[in-house]
Each structure stands twice: as structure tokens, then as C-alpha cells.
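These are the structures in question, set out in turn.
Next, two complexes with subunit A in common: one pairs it with subunit B, the other with subunit C.
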Partner chain A sequence: MEYVRTKDTPTRKPPLNESSLLGWLKINLFDTLFSSVLTILVLIAIFFAVKSLWIWGISDGVWIAETRRECFKINIDGACWAGVIAWLDNIFYGRYPREELWRINLGGLLLILWMLPLWLPRVRGKIFVGLSVVALYPFLAGYLFSGGEKGIFMQVMITAAIVGLAVNVANAVTGYFNRGSLSSFILRKIGKSDAPEKQQRNILLAILLIAFVAVFVWQMGWVVENVTWTKWGGLFLTFVIAGIGIASALPGGIILALGRRSKLPVVSVLSTAFIELFRSVPLITVLFMATTMFPLFVPEGFVLNKLVQVIIAVCLFNACYIAEIVRAGLQAIPKGQYEGAHTIGLGYWGAMGLIIMPQALKHMIPNIVGSFIGLLKDTTLVSIIGLFDILNILRAISKDTPWIGLHKEPLVFGAILFFIICFAMSKYSRHLEAKLATGHKN
Partner chain B sequence: MAINDNRKETVRAKPAEKFNFFHDERVRSVFYQILTALAVGWVAWFLISNTSDNLEKRGLSFGLGFLDVVAPFDPDFKLISFAVGEDTYSRIFLIGILNTLYVSFLAIVGTTFLGFFVGIMRLSKNWLIANVSLAYVEIIRNIPLLIQIIFWYSVIYAVLPRIKQSLDLSLGAELVLLNIRGLYVPWPIAGGLLWMTFVALAIAAIAACIYRKWAQKRQDNTGQNIPTFLPIVAMIIILPGLVFLMTGSPLTWDIPKIDGFNFTGGASLPRAFIALLAALIIYHSAYLAEAVRAGVLSVNKGQTEAALASGLRQNQVLRMVVIPQAMPAIVPPMISLWMNVVKNSSLATAIGYADLVAVYMQTSLNTAGHAVEIVGMTMGFYMVVSLTISFLLNIYNKRVQLVER
Partner chain C sequence: MKFTTLLTSAAAIAALVLAGATSASAESTLEIVKKRGHVRCQVGPASPGFYFLDSKGDWQGLDVTVCQAVAAAIFGDPTKLEIQSVSSQARFTSLANGDSDLLSRTATWTMSRDTQLGIDFLTPNFYDGQGFTVRKESGITSALELKGAKVCVTSGTTTESNLADFSRTHDLNISAVTFEDFNVRDETYLQGGCDAVTADKSALAGNLAAFPVPGDHLILPDTLSKEPLAPAVRHGDNQWADIVRWSEFAMVNAEELGITSANVDDMRANSKNPSIRRVLGVEGNIHEGIGLDKDWAYNIIKLVGNYGEVYEKYIGDGENAIGIPRAGSANALWTKGGLMYSPPMR
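For the complex of A and B:
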């Protein structure tokens, strides 16, 4: 009773090759009947959407015109981009005096120059770059943007900022061209690289002091015209508010998060209450609180301008959001890390600063950047309380006599602008996350 | 000898428990706490004393007495009646709260549906559909909500027809009319015996619960699968429907009619409301879609394969294996997203929908003053909502944990 198969079983067809175009189409677009129908319907919808957008925005769009009426004469169905173009300076700089625009551009350029070493390979001391940009750049930029008379404090801080920038750039240059860090490069040049450490330090300090004095003397004769904050506006103002918010939210958030996780009951209860208070209310109510209640909070005769009020509100608000993210990061660190840090003799701050916090922050980079994107987007809320940020300028175009009633195009322009900035930020954060990943992902 | 020496050393190395005032952990802890409390207390005292000084100098008083003052304006949109010149700020506060909750509730319902829809599309095996929803999510998430709200507001203005040429959404019946002013819908007017229908509905719901429990138990005991969905739907529709008809259909509709340049009758949703609702739903659904996607992906692939191998059909695998495991990962972010919807509805103030912030924190604050009280009350409302929602979330998390173990 043996069964012997005499015929071969019929051979099956080879599976579709996914690398061929047809195979890919079959698998990914026309897998089943339902899927095919959906694909075709969606394709038709995309075609019509793109076509009507193209006609409205590009082929029928009017780029050169004096007034909205003229736009209508040229093509009534198209977008009137001429209005946006005419207001482009306002959109970017607000009502900042036109002959002083170089100050804003210079401020932006200096920031890029300052931050550039962070992305260069072989450059040492990136932590110093990051810290100095947060601690010193605001003074330099603040004076560049607002101008006027400098007090002695401002003079010192501006000098420090310029020296810091110079050191940064020089350090980046020597690092990038394989000459080591700036300090070792200088020591080598003057032939003191084998001198005792104390002598080396004194030499470097002396050089720094000389540079400081020289810059201080130079900047005394350097005065730019005063531009009051009421003239700030547009994307520039949005960036100023968001920038200060971002720079201060991270340290504030870390402090609040440590406070909330603290073993000291008073500290943790106070931090928790503060965080939960700001997280449970909308930003707009915090902004209203800032503009209506801050004037009552300060002693008489002390006037906080609206911009400062708003910036304080934004900082407090965002610090609380960052705090929760940092706390989540801290909770994700295994207990062994804490114990290990204590075992090798580190105290609370040593363990936090050297072991725990770097890991926690690295874990949370996508969330932190996400929160920063949220902050940038939320900055548009200041238009509600009457600051001329980019959104308010965009809305003002429709009230300008030649462009009266032009609502859609400026908003679309603003949306595209925000999309590009935010999308780039989120993509970069994902790249950063992948680059810094050292964990064992499977 | 050596061993002895060693032991001596260990004994010596053990420090005596000596109380050092400056290096004792407990002393330090108390000291730091007192320091913090003092610092915070000083700041609070500084702010409060300044505020009371400033209020005194400006001749203002602190107190909730202004709530009984007649409000000199009329909110644009209200769910309860408001008599100008008679009703007070307390009623304005109530109107604001109701408006905020109304738009938030509708937005939450819409967000949940659209978000799940987009999130599931994102997981589609169809490349085109997955990428269309990816594009939707990326575009919507990277544009500020406020720009979106204002955009819809102005698009509605540009696209919709004037009152005389109202769009009829009910296909010629002239029941649901859409025009530049907003959406006009019939509004139900309850008759005297309508409560009986509601009672019937409640009874039907309880009966449906009991039936479901029984069917479950039966299946657990005997393995027989009893259909539950259709009987439950039938129960919930038929019983209240019968009662409704028997009590003589105690419900009439107030239908909107064009009257000159305006509408009479029916209920209306103003343009600002529609724009706000649309923007809130679209914006938050993009976030929910991501949460749904992450939740479904968090379910181990082996679960699906094992379920398929044990003979369940594709839709059963989804319903009985994937979704129950995905929900604990989806629900917490979804609930905090609901909280965000409530908070973000406050952007209504930019386009003039009369939500709590617009009507109370802006208009009332400008007419009545009393910044401290009004800001406090408004923030208090949002805090109550937030605490309620996180309370619900905690309950859910506890339940899920119990089910899991």
C-alpha cells in the first residue's frame, strides 16, 4: 500500500517581482478590486485638486500689479500675488525703518555664523558654542535690534558677546582645518605648548583680557539709532519671541522638571502646581493675563512694555510644557543609571549633569523639537493681543487701500512659510535622533 | 597576622555615626525647603502687595460684586436667552462657558471620527492612500491653527452665496440653508410628553446592556455565538420610537425662513462658528491620526499572525485582537488631545465667535474692569475642565491595567 506520486504537482507562478514597475503597481496600488477603485478615485481627486490649485496660484496668478483692481483686470480668477509681493518687506520686517534693515539681517547672519560650528565636523567645544549663543547672543542682538544709548552693563555684555563670537569663529576655523582647538593652536604658535598648565592658563586669560579691552574700547564709539519695539513686526518679531521662548524654555523646563521630581516635598509640590497651572489653561488666557495683570504686579512707576509682557508669558508657558517632556525623559532612564552614577561617587548634580540629563534629553529630542515647533506656531497668538507679528501683518494687507479685501493670498503665503520652517525643523529633529541614537534598537 | 590587620582596618574604616549639622541630609533638606518656601512666599507677597497697592491707587476694588452688574452688550451667539439691559455679567460668564463647551464638544466628536479615519488610511496597504494621508497629516500639523482658522473664516466668506441665494443642503426641501451668514437648520421644539420617549430610551439602553451581558455569559459557558449588534440596535430604536408615536409625536420643528434680509425661526450657526469648528476638527484630526497609527503599530505583529493562524477572519482579528490591544495606547493621547481641543477653542476670539475668552476675558474685561477676578475665573474654568479630563483619564488607565493583568 504505497502511494507513489507519478505526476508533478503543478508549478506555482513566481511571485510578482516587487522591484519591477508593474509588480510594484500591482502590489501597492491595485492589490484588490476595492483598492484599485480607491486608487483611481484618489488619483482623479488629486488631479482636479492640483489642477485647480495650479490654475489659481500659478498659471492664472497675477504677479505684477499696482492694486487689487488691476489684478482683477488682468485675471479675475487667479491669485493676486502682487499684493503679497508689495508687502514682502512688511511681512518680514514689520514697520522697522527701511534704512535700518541691515541690522536685522546682520543679527540673523551673526546668529548663523555663531551656530555654524555646531554642524561642522572636527570642531571641539560644541557645548561652549551652544551655551555662549544662549547666554551672550541675546545681548548683542538685542542691542542691534533696538539700538539707542548703551548702559555700562550693556556695554560689558556686548563686548563679551563680540569676544565670544570671535573666539567661537576662530575655534571653528582652527578645528575645521585640523589644527585642534583654538587654545592649543595659540599655545603651539607661541611655542608654549609644553609649558606647565598654570602658565598656559594665564597666557590664554591674558590674551582674552586684551581682546576684551580692545573690543570694549572699540564698541564705545559704536552707536546705532534707537528703534522702539512698536516698530518691530512681521516674521522678525515672530522669530524674536519664539527665539527667546525656545532659549529660555529649555533651562526653565529642566529646572521645573527636577523640581517636580525632587524628594523635597515643598519643592516638588510648588513645581507641580506651577506646571499644572500653566498646562491646563490655553496660551491666549496667559497672554491676556500678561497684558492685563502684569501692570498690576509691578510697583508703580515701573513700566513693562507689551512685548516684554508677552515674552515673559510665552517663556513661562513653554517652560512648563518642556518640563513635562523632560520629566518623561527622566522617568524613562533606568534606575541602574542613577545607582551607577552614585556608585562612582557622583553627587546629585554630578549624576544629573553628566549621566542622567544627557540621556534623558537625547531620548526626548523629537518631543522637545516638536514642542519648539508648537511654540513657533503658537507665537501667532500674539496677533490677538495686538502685536504686529507675521499673522497680523498678513491680515493687515486686506485693510490696505490698494489691496483692500485681499484675504486668501497672504494667508496662503503665511501658511507655506510656516510649513517650510516647521517641516524642516521636524525633519532635522528626526535626523538628529537617528544620528545620536546609541541604544539597542531591534 | 595579615588577616587580623585587615579586620582591624575595616573596623576602623567604618565611620562613627557623628551628627554633623552642616552635612546632614535631613538638615539640608529642611533648610532648602525653607529657603524655597521663603523665596516663593516673598515673590507672592511682592506681587500681591503690588497688586493691592495698584488697585487702591487706581480707585478699584477687589471682589466678585461686578457679577451682579448689568452687562451693557449682547453676545453674538448664545445657547440660552440673554436680555440686554437686564442680565448681568454672571450670565455672560455662563453663556461663554456654554459656547466654549458647545463648540468643543462638536469638535471633539468630529476630530475623533476624522482622526480615526485618517489614521486607518495611513495604515492602508495602498501606497497612494497611505501617502495622501501622510501628506494631509504633515501639511496640517505644520501650519499654525490660528492661520487655519482665519483661512477658513475668509474662505467661507469668499465662497458662500448671499442670503437670497442660500445654498439648500436638504436638496430642495429648504430645511438646511447655508449662506454667507452661516448655517441655518430646523430646531426641535419639545412637546409636553417628550420626556416619556427619553424614559423609554433609557429603559432600552439598560435592557440592551443586560442583553449583552447575558449573551457574553452564554458564549463563555456554551461557546454559542449569539448576535448582539442587530438586536441591540433594534431595541434602542424600536422601543423609544413606539413610545414616541404612542404619545402622539410630541416634537415639532421650527424651520428657518428667509424674511427680507434676515432669517426667522430655526437655529443658526454663525460663520465664525463653522470656520472654527472646521479648523479645530481638521487640525486635531491630524494629531489623532498619528496617535491612532502609533497605537495600531504598537501591537505586536505576532498577535495578528497568531490570530489569523487560529482561524479568525480578517475583520475578527481587527475587532478582537488588534483594536483591544491598540486602544490602551490610543486612548491616553486621544484624551489629552480632547483637552487641547477645549483649550484651542479659545482661538475663537480671533474671528469673533463668542466663546468664554472672547466674551468674558475680552469684552467683559474691557467694559467691567476687574482684571484679576475675570482672568482668575476664566483660568479656573479651564483648570476645572482639565482636572475633570485627567481624572477620567486616570480612571481609564486604572481600568485598562486591571484588564491587562
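For the complex of A and C:
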């Protein structure tokens, strides 16, 4: 037994070139003469690029001025950020009436409030959160943003949305503070946790109904001024188009992908034709068709507004791209998964919904998010057909008389804004991947 | 294009079904506009001085005042307007297919456009002409000295073809460097990429004012082309064309008669000049044929201003104007040697 070691050998420090900063630099940047030279050259290039940007934008930049001419007087070589600052309201909200801006802000806040439970731990019913935000939020936000008279259908949907939001928030609060789901919490509070299931359900339904009626009565007196879509613009419009595009492209894409792989020839041929046709035409062509040709074919006086036409075009276009991504995901699922699903007695929808689709979508998250980032950036194409999205607003600054010719600074600002948004999306997708990567770690 | 035709036919059929019983009626534009409650007025993607967004998100400019005048004449409220900003590729289609009621966007009135596109141009509200900007240090004083020069120009407009014509006529062998965006064009010129810039003189003056050192540059006296910039309406509705045309004339006439937005109330109450009294609706019945209220011209002058006022505000010497002097140009009143002339309103 004397050969068996009873104590661990003392751990030694890793070799210096593995652990220290200098070692890391040596290995990664100055390994050979060639890479040392390259490193130095690149560092010099970066230094000069950053330096000239810094001088132009920060140290020589002019932040406070009334006109571009004044900027020139203060510093003729620097960036004139004063123009961008004067236009900030336009950049974020477009031509939306200034005294109504709270509606856009409120709409954004409500969306965050609604989605927040998705990221909170211990909250139950996250699928309901996701579904309700896609199905109900658009009605509430749509009215908040456009205003005017409400039809009876809109009134019902707005009420449903407000109730849905309230239920979500209350459910998130009880869940987060470890009080279980909202329904069990209510039942416990009124001392009915032990009542028969049927009675419990009736009580909950009654509460829901009372809430619905109360909100309905309240919202009848709630009217906000009409703001036509032509006044929408800036980052707000970009978010509206991209948001609706993203929310509808995924379900649309899943349906098209399933259709394309369907065994029913009619469904499969139609889906394939639809996908291939939309994918083989540039988005700008689809947009032009939707806005300039469409009115020629409809009777005079019938007008589908341009924003709706654009949104429909964007949704259809992106659904086709998502469809191909989803199809790729479906094809990557081994046949055994399908067969396994069938052996435990699941039908087509059961197998798809519970076994196949969750795996396929999980694998395809990077592609799907990539496509969404592309969609967000593609929305700037609507500036060509005259909608004042963020790009068009940024370009309009150079034509406002006090700021004539000011075009570089707004575009730089736009680039920074887009980078922040897209980078956040990409980060979130990485986070989602990590969170969902269960049992597939290699 | 087979697919796109298929798509639009399908869309058209769907729309027909949706539209249901609302058949294409023969309503006049004025009736449609009155029923809708506002005028749809088309401008372009922004052009300094003529139509541009200000930092409050409002449309401003000389061409926008034509839209405002029409809204004021019909509704007594110049804000009953929906300004549509349409790209130059789609501008005439958008007017012809009924998306816009009126186009007012520095469009040059040419014979082919007037006769082939289903639209009618009205009275020019600005007479422009193409010119050149050069660097003073180049010593060039006439466009004929631009032999072999590189000239920056924005693409897709009459400007580009005028330049080619000019070069051919005078055997100058000018090479054109084209740009989509005037900012990039000017940037290239300022960095020495071109010897000269060509555009309508109004635009040249506006952009020159925004150069870091305007004094280093010079607009040559030569004028390459005639550019009568006029609003346009759909062909075939003469009453609507009358309304727009006479709204423009009312502004010119008011300037000629000395009526301004400041003194119009006083004039209406006290003036003894029969011409002024007729324009302001105090006597006579000039409003009857046009289908508007007695106050239509009064509203235009009171709420929008006369032609001279709006010119100074946006184009001339106003605080936020692009600085093109009016005296001695074609845009002066006919009594001062210009072309701004309104038929009598009686």
C-alpha cells in the first residue's frame, strides 16, 4: 500500500505565460515577429481613427448653438451636435403632436410592464403573458397612438387588453413574492382554497367579469385626440413597423414552414410558391408595389392607408424568410424524434407543438434573431417611399433652414442608435440561447 | 413582373370585395375634400426654403404656403392639411391615382409632363433656372470657361440632362459626377472632387449659404435653363384647378394691391378701392363661380399672407430664409420688372 498517495500534491501556479497579462499579450499579440508587426500597425491605425473621431466629435464638437452658421463660428472643423439636439423630439417621435407625446411614452411603458413578468423568476403562466401581449397589446397601443372615435369592437378589445394587463401584473406580483399564482392567491384570501374546483372556477370567472364590466364602463369615457398616421415618424415609427413585423413574422413563418413540409399537395405547393415568390423579389419592390400600384387597382375613394400597406408588405416578406429558417430547424431534428412522438400517442399537432417545434426553434434562435435584426434595419427602406421613419427624419435635418447641409452628424447619431438597439437584441439572443441550452451542452 | 401583376390583381380583387358597394362615383375633388375635412397636398422629401420640416415637426416653405392657401380658401383654416412627402419617382403617379389632391413641390412645368401624365400644371409660384457654383480661386467667371471640367450634379432630374445638353451645345466636354443626395454632392465639391456644382440657382444659393466659408465660392451669372416651378393638379377637374390657380393669384394680387396679413382687417373695414373690396369679398360676387365662401381670399391673405410676405419669410431676407434676393429677378412683381402677374379679380 505504500504506493498509494494519501495527500494531494500541492498545486503549482500555472506557467507565467499562461496567467499573467504579459504572458497573454505575448501569446496572443506578439507571438512571432510578423504578428508583432501586425499588432503594432493595427494599433497605430486604431489610434489615428479614434483620435480624429474624438477631435471631430468630442473635443471640437459644438453642443450649444442656434444655427449651423453659429456652429461654424464657434468651431469650423468640429461636429455640430446642436442640430441633432434641437431635433431630438423629431428623431424619436417624428411629427407627432408635442403635447400628445405622453401617449407614445405610456404605450412603451405599458409594453415593458406587460413583458416584464417574462424575465422575472417564480412567475407562473409565462405562456399566457406571451400570448396576451401579442393578441391584446396591439389594440391598446393602437388606440393610444392613433386615438379618435372607438367602434364597439375596439372598445371590447381595449377593455380586454386593460384587464389582461392588470391580470398579468397582479399575477407577476403574487408570483414574484412567493404567493403562488394569482388565482390561488385570491382563493386563499377569500378563504375558498378548499372549495370544490367548480365553485372556485365560478368565483374567479365572476371576479373577471366584474373587472371587465368596470373597465368597460370606464373606458367609454376615455377618449384621446385623433393623430393620423402621417404624423407618426422617427424611431417610434421604426419600432411600430419592426415590432408588428417581428410579432407576426414568427407565427406566420411557422405556419408557412409547416405548410411547405405538409403532405397535403395543395397546402405544400401554395406555401412553397408563396415563400419562393416573396423571397425572389427585393423588399423595396414589394414596398413600391404595395404603395404606388395598389391604389390604381381599387375604386376611387377606397384608401387603405400607406402605413398599413407597408406593414402588411413587411410582415409577408419577413414571414417567408422566417419560414425558411424554421424549415431548416425542422429538418435538423432527427427522424427518431418524430417517431418517438408518435409512439407515445401524439398526433401531428401534439408532436409538433410539444416535441419538434420547441427543439427546432431553440436551435434556430441565432438565425431568427439575426433575421429580426435585419428586419429592423430593413425598415429604413420605407424612407424611400416617403414615410418619415428615423432615417428620413435624420436626413431631413440637413434641409431645415437653420441647419442646412447638416447631414453627417445626424447619420452618425443614427448609426450609434441602431448599434445600441441591434447589439441589445443580439445580446438578448445569446442570453436566451444560454438559458434554453438544456442537455445540449457538448 | 408576372408575379407582381398577379399580386396586384389579387389585391385589387380583394379590395373590390372589401369596398363592396362603394362604386367609383363622379364626385368632384372639392366635394371629396370637403367631405374628408382636409386637403391632401403632396410635397417632396424636403428641399430648403420650399418644403422642409422644422425642429417642431411642422412643414414649412414657399410651396407649402400654396397648400395652406388652398386649405384656407376652402375651410378658412390653413392647418386643415395633410402634407404628404412623396419621392420624386412616385410624385406624378401619386397625384394621378388620387392619393394627393394637389402637388406643390418645385416641379418644373414642361410640355411633356403637362400633356402626357394626366396632370395639369397651374401658375408658377417660382421661376428658377439652372446655374453653376465655382470656387472663386479658380478664376472662372463664365460657364463657357468650364471646358473639360468635372461638375457635380444630383441624378434623376432635369438638371442632369440640361447639363449634358449645355455641354454638347457649347462643345465643352464636361464630365458629370452624379449623386443621389445634394449633401454628398456638396461635400464632394468642397473637398475638391469637382470643379463646379450645378443645380437650380435657388438651391445653389441656399446651399452656398451653408458652406463653411460662403465667400470662397461664386454662383456664375449664366442660366442654363428655364425652370418654371408650378403646382399641379389632376387633369380633368377644372373647378379644382380654378380653386388652386386663383388661390395663388389671390396672393399675388394682394401683394400688388398692398394688402398684407397685418392690414387685411383694416382694409376690409375701411378701404374705398373697389379692387380691394372685390378681392376681400366686401362687394361684388367673384366667389360665386369658384364654389367657395365670400371670405375665401380674405382668409388666404389673413392666415397665410400675400406672395411677397411668404417669399421674404422663406426665400428672401427673412431670419430663417435661404437668402435669394427678389429684386430684379423673375420672381418680382410685374410692376417691378418680374413675371409675377395676376389677372384682375373682378
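Criterion: the second predicted complex is superposed on the first by the 418 of 442 C-alpha atoms of A that agree within 3 Å, B and C clash if a C-alpha of one lies under 4 Å from a C-alpha of the other, contacts with A are read in each partner's own complex, and residues count from 1 in each chain.
Here, a contact is a pair of C-beta atoms (placed from the backbone, for glycine too) under 8 Å apart; a residue touches a chain by one contact, two chains touch by 3 or more.
What you see is a predicted model, and the numbers here were worked out from it, not measured in a lab.
Undergrad: Let's test your reading of the overlay: on subunit A, do subunit B and subunit C clash or fit side by side?
TA: Clash - subunit B and subunit C, as placed by superposing on subunit A, overlap.
Undergrad: Is A:381 touching anything from subunit B or subunit C once the two structures are fitted on A? First, second, both or neither.
TA: first
Undergrad: Quick one: is A:68 in contact with subunit B, with subunit C, with both, or with neither? Answer first, second, both or neither.
TA: second
Undergrad: So, does A:391 touch the first partner subunit B, the second partner subunit C, both, or neither?
TA: first
Undergrad: By the touch definition at the top of the document, which applies to A:86: first (subunit B), second (subunit C), both, or neither?
TA: second
Undergrad: Considering only touches as defined above, state whether A:94 meets subunit B (first), subunit C (second), both or neither.
TA: Second partner only, subunit C.
Undergrad: First (subunit B), second (subunit C), both or neither: which does A:401 touch?
TA: second
Undergrad: In the superposed arrangement, does A:277 touch subunit B (first), subunit C (second), both or neither?
TA: both
Undergrad: Thinking of the overlay built on chain A, is A:111 touched by subunit B (first), by subunit C (second), by both, or by neither?
TA: neither
Undergrad: Does subunit B (first) or subunit C (second) touch A:267, or do both, or does neither?
TA: It touches subunit B, and subunit C stays clear.
Undergrad: Select, from 186-194, 204-212, 240-248 or 294-302, the region of subunit C that bumps into subunit B once both structures are placed on the shared chain.
TA: That would be 186-194, the only stretch with clashing C-alpha atoms.
Undergrad: So subunit A touches subunit B in one structure and subunit C in the other; where do those two contact lists coincide?
TA: Common to the two interfaces on subunit A: residues 277, 280-281, 285, 288-289, 292-293, 295-300, 384, 395, 407.
Undergrad: What part of subunit A is in contact with subunit B in the complex they form?
TA: 28-29, 31, 35, 38-39, 42-43, 46, 263-267, 270, 277, 279-285, 288-289, 292-293, 295-300, 373, 377-378, 380-381, 383-384, 391, 395, 407-408, 411-412, 414-415, 418-419, 422-423, 426
Undergrad: Inside the complex, what are the residues of subunit C that reach subunit A?
TA: Those in contact with subunit A are residues 3-4, 7-9, 11-12, 15-16, 18-19, 22-25, 27, 32, 45-49, 52-58, 60, 82-87, 90, 93-94, 97-99, 181, 183-184, 186-187, 206-207, 209-213, 314, 320-322.
Undergrad: Applying the document's contact rule, which stretches of subunit B touch subunit A when the two form their complex?
TA: Result: residues 29, 32-34, 36-37, 40, 47, 50-51, 53-55, 57, 125-129, 132, 138-139, 141-148, 150-151, 154-155, 157-158, 339, 343-344, 346-347, 349-350, 357, 361-362, 365, 371-372, 375, 378-379, 382-383, 385-387 of subunit B touch subunit A.
Undergrad: So in the complex, the part of subunit A that touches subunit C is made up of which residues?
TA: 68-69, 72, 76, 86-87, 89-90, 93-96, 98, 228, 230-231, 233, 277, 280-281, 285, 288-289, 291-304, 384-386, 388, 392-393, 395-396, 398-402, 404-407
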